[in-house]
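In the two complexes that follow, chain A is the common piece, with chain B as its partner first and chain C second.
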Partner chain A sequence: MPPSGEVSSSAIAPVGRIGAGLLPASRYADVVVVAPQDRLDHANGDAFSLALEPYLADCRPGGIHLVLDLSALRYVSSAGLRCFMLAAKQAKAQGGEVVIAGMQAVVREIFEISRFTLLFKVFDDVSAALEALSPRAAQVHRGR
Partner chain B sequence: MRVRFWGTRGSLPVALTSTGVRRKLRSALTYALEAGVTDVDALLANLDRDADFAVTHTYGGHSACVELDTGAGEFIVCDLGSGARPLGNDLLQRAAAGRPRIVNVFLSHVHWDHIMGFPFFAPAYDPDWTIRIHGGHAELEHALRLQQSAPCFPVPFDRLAARIEFVRLEPGVPHMTNGIEVAIKKQRHSGDSYGYRFTRSGRRLVYTTDSEHRPEDAEEAAGFVEFFRGADLVVFDAMYSLLDAISVKEDWGHSSNIVAVELCQRAAVKHLCLFHHEPAYDDEQIEQVLRETVRFEELTRGEAARLMISSASDGLEIDV
Partner chain C sequence: MSESRGAIHDPDDIALAWSERAGLRGLSIRSGRVLAIAAAGVVLLLSLLDFSQGLRLATFDLWQRVFPRDRASAPAVIVAIDEASLAAHGQWPWPRTLMAALIERVAANHPAAIGVDVLFSEPDRLSPEQLAPMLAADDTALAQRLASLPTHDAQLAHAIGAAPVVLAVAGMPESEVPTAAGRTTPVLVRGPDPAAIASHAALLRSIPAIDVAAKGHGLISAEPSGRVVRRAPLVARAAGTLMPAFSVELLRVAAGLPAVGLDTAGSGVKAVELGDLGIPTDRDGAVWIHFAPRSAQRFVSAGDVLAGKVGAEVFDRKLVIIGLTALGLLDFHVIPTGERVPGAEIHAQLLEGIFDQDLLRRPGWLAWIEALALVGLAALAVVGAARWRPRTSLIAGVGAAAALVLIAAILMRSGGLLMDVTWPLLGGVAAFTVMLMATLAESDRQRRVLRRALNEERIATARNAGEQEAARRVQMGMLPPVDGRTVADPRVAIAALAEPARSVGGDLYDYFLLDERRLFFMVGDVAGKGLPAALFMSVAKALLKSAALRGTNPLDAIIDEAHDELARDNPGQLFITLFVGILDLDSGALEWCNAGHEPALLLPADASAPHPLYGASGPPLCVIENYPYEVNRDTLVPMDRLCIVTDGVTEAHGAGDELLGRERFARSLANIGAGAAGVRDAIHALLTAHGGERERADDATVLVVEWRGAGSATDRGGGATSAP
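Up next is the complex of A and B:
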């Protein structure tokens, strides 16, 4: 269900399963927040990318901003990081942007060691990401 | 078995710069002033205890050359990068003490940084020596002759006095050298490269350089896990950060510290040695990569046994 660009005050939750987990997604105005759960590695990387694809397709000027909320992600392997890299690459090619929010300490360290912090804008939490990306989305998020 | 590193740099030899030397001096002098230590020996001992390796030493700049020393019998060497020059001089001295004048070389591939030391390898100029060059490529001899052809080098290959033999190895066909079983594995690299596994009396060394690993290729990863399985030491090309290795430097034929740890953890390897250092890195950057790799291993260890991690430097010795 790719976002339409309409302002919405309600979250779109969960939209699909990735392996044994879920990829919850929420929409705030022109921002979609997706939240991979638990682990992302070679076992569920393809499923994650597949579930992300509808949002990525609309991550372009006039479309949406995409926030990867990693607050529920405990571990990411090289294969999982590659999924993030491909998402960033596609968004950039379309003129859009994917940002990261809410990393747990372990995942943040993995991002730093792998230099993935150079690839993404990283925010402490979803609120901070929305404030930076879209005042409208931040407003919707505050009033949810 | 003792693994002795003669060259550990990737792609191109480098030298410690004056700026780098001054930085080390400043750090050491600052330490001495703050500690109030005036005795030189005491100061050096304290620095060795307290300071980073990058302050007291250098990782060195020779390109790939690693010796596997059994302490007796024929010599065994992986790759002939610029580190082969000091190695060759050392071999002359050790042979004078009674070791056979035979060197078994195992080439990962014939890219320049892995063969450039051969024209400066002293045993090649001595008729009493035999040099057996093993590898998976068909063009081993062609490549070594080519780099000594005019106008690139003044001494043609045919003027080398040593007996030089070439031995083609096949993946899946074990080979015995000096009592050591050698297995070979094809790797992803421009023109292919080959990794080597040396096994003797239950001890196992894997030398795997210039090998690109694709995180998305689970089958390929499983093959390397099997090749590394239970190794006491894996010498691994960790030239780039993971981000670089799978994005802007994809297809450049190298890998990262992240993938090194992942594969070694899965294979229950005991000791990982980061190798083929990026030539643009100074000592501090290489040491930072080591620190971060140690931390990554801690973060991802789980219930498994600790994977020991070190970073190769010219002159380093590791007993296997």
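Up next is the complex of A and C:
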């Protein structure tokens, strides 16, 4: 389920680039879905963290929920896992939550081996994540 | 990096530093352009202001030397009162009777006109009436007789009056000489009054008795001797009256014309007209004489004429100039070729030039052409130097300069036009020099910038490589030998592989005996690269080892203790995946713990398909605080092999970017014979085949542990390192 729609909140910085690809982001009510592309490793990990930062800053009670849509991510290295870990830790410290949706088989395997599944709630796809996080967001998503 | 740059003493750096010296630091092509235009502008201004007339005249003199006039016709003959004449007839001044005789001798041979380049401004002191008063007291009768004789002046006047003679009258700069009245040839001005014409304040004439006898009166100017004569006026004003020059007057008298015409425009003269002949002049009424080489054929000696040694044909229908050429008489001038010639020769050369219509001209528009040439050369420098390489623009500049000189030479040779090339060349050279300096300075500066960048890159690379090297040494130095020789126990065989990626990561493996029967082994992978990861890995390894060796700690307690220590001081937020195992070498009992690491692969002794060890596992260390890691238990049979790798192996990227994958990896390890090293070597070969030429993206680490069974202590002897 590829994300559609545009980010509507002016509080959130425009979409940034990571590595060779964009970090597409979509907003559904109080949920922002970001979808890292292709690969996430030590070569583009810092750029990804930088691009994620504005959404992460808003990921707090009264702010947004953050969904990492990994449906377009083919590979994640340990450096990439570290980016996810830092995001999870920051969100947790702020009282917010980051969840993961739509993992491909390879990435899912890496998550399971490293037990990063313990760190995130994992959903099959974005709509499942939205249903769990925010009925309002799910409604917006269905409406599209 | 400034300290590094300071430490490097590059000799080239010092040698090339000229472009950064005070005067040149700001000299770029852009600023050079402005400077070059300014320099050319200054030269142009100086040339237009005639700052150094000499420079331009030197060029003209050079043209005269290179292209002298061919003496085509010989309209003028000089009767030279030379040293020989003085030796024969006595010192100068001669008695006027002798001069009269000379004129009569010439006149007898039908000359077209006779010009006498001598002024008779006082009565002859040798004349008889001049002697009469001196003798009156002694011999009155003689005095009376003397006084009654015809005067020398009268005799000269008679001779002059009988021939077509032109007398010289001299224009003087100061009016202290009282201007005598006398006849003046009319100059008919056609056009406005020529104010630009040369003017003399006063006029010196011969005494009236002689002056009136002459058919013509030509102006000579009393130029100081020694000045270079390049131009000669054809008409000038003297004491307020326009008068023809000596040469023009000779031509007028020869042609029998009543007057000289003057064509004017504006305030200047265009041409002097003698009947149908118009001679173009400069605005001031002067012409540039084109000098021919000196020639003895122009001269006959006055002594020879008086002695009757000169043939009649010499003077027949010629313009004859009687002048002084004896060195002591000081009527000498320098001409552009550098020679000193008597005044009479200058008149003769001018007459030749008028006759052959071979005078030089310097029209006003030529000055603008020269200015244009200067601007053109400067423009070539400014445009060319920026666009072309210095050598190309130098060739273009020299070529353009040569073309200019060639054009000027052609103008001189075929049109008698005096074109100046010195100022245009000066302007061009000024602009070229500035641009060349600017170009060289800029390219030198660019070279230095490049060199500096290269140096900095080298230093950065060296530093980076140094850090990588340090990290690698930390990492590799921490690891036990790959052949397992530090555990020399026949019950077990160990083989390892550590293939660091180019940017060193934080893989680790370790193995050691806890006591006589328990082997501790582990494989880990720190998330991150470089020195921080390597240091984190070494700390993790040391903490685990010390916790393990502290005694009877169970495996989960060892992990927990290391975890607590690591997490307590982890500013980089790094984490580490770990597979840790303890193998009982006597019983084959295996305890293992997995913290987010690849599952260990079991290669069964019966050569059945390899399978991963599944069981409870936790996240990597430092991901979730106080995570309760669980211990798993299995039992090996002798010759079972445990193979633990890092994701650098299972996730190795192939040439087509595809991952090796865990399943493919496991399948490829089937059917490998006994021994730990064989498994290790097979993995190494697999990685090499899969990766191809591609550079390894991540560290690849392998640890193979083969349990040979408790009994092997007696069966086989310490063959830990042996491999099939």
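Heads up, the rule we're going with is that the second predicted complex is superposed on the first by the 130 of 144 C-alpha atoms of A that agree within 3 Å, B and C clash if a C-alpha of one lies under 4 Å from a C-alpha of the other, contacts with A are read in each partner's own complex, and residues count from 1 in each chain.
The definition used in the following text is that a contact is a pair of C-beta atoms (placed from the backbone, for glycine too) under 8 Å apart; a residue touches a chain by one contact, two chains touch by 3 or more.
Everything quoted here is computed from the prediction, not taken from an experiment.
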item: Superposition on chain A - do chain B and chain C clash or fit; value: clash
item: Touched partner set for A:Gly96, first chain B, second chain C, both or neither; value: neither
item: Which superposed partner A:Gly63 touches (first chain B, second chain C, both, neither); value: neither
item: Partner chain in contact with A:Leu118 - chain B first, chain C second, else both or neither; value: both
item: Contacts of A:His42 with chain B and chain C, given as first, second, both or neither; value: both
item: Chain C region in steric overlap with chain B, selected from 20-28, 38-46 or 470-478; value: 470-478
item: Residues of chain A at both interfaces, chain B in one complex, chain C in the other; value: 42, 75, 77-79, 81-82, 85, 89, 106, 109-110, 113-116, 118-119
item: Residue ranges of chain B in contact with chain A within the complex; value: 215-216, 218, 221, 241-244, 246-247, 256-259, 262, 292-293, 295-296, 299-300
item: Touching residues (chain side chain A, partner chain B) in the complex; value: 42, 45, 75, 77-79, 81-82, 85, 89, 106, 109-110, 112-116, 118-119
item: Interface residues, chain C side, partner chain A - complex; value: 503, 525-529, 573-575, 577, 595-599, 617-620, 623-624, 627, 647, 651, 659, 662, 697-698
item: Complex interface listing, chain A residues touching chain C; value: 41-42, 75, 77-79, 81-82, 85-86, 89, 106, 109-110, 113-116, 118-119
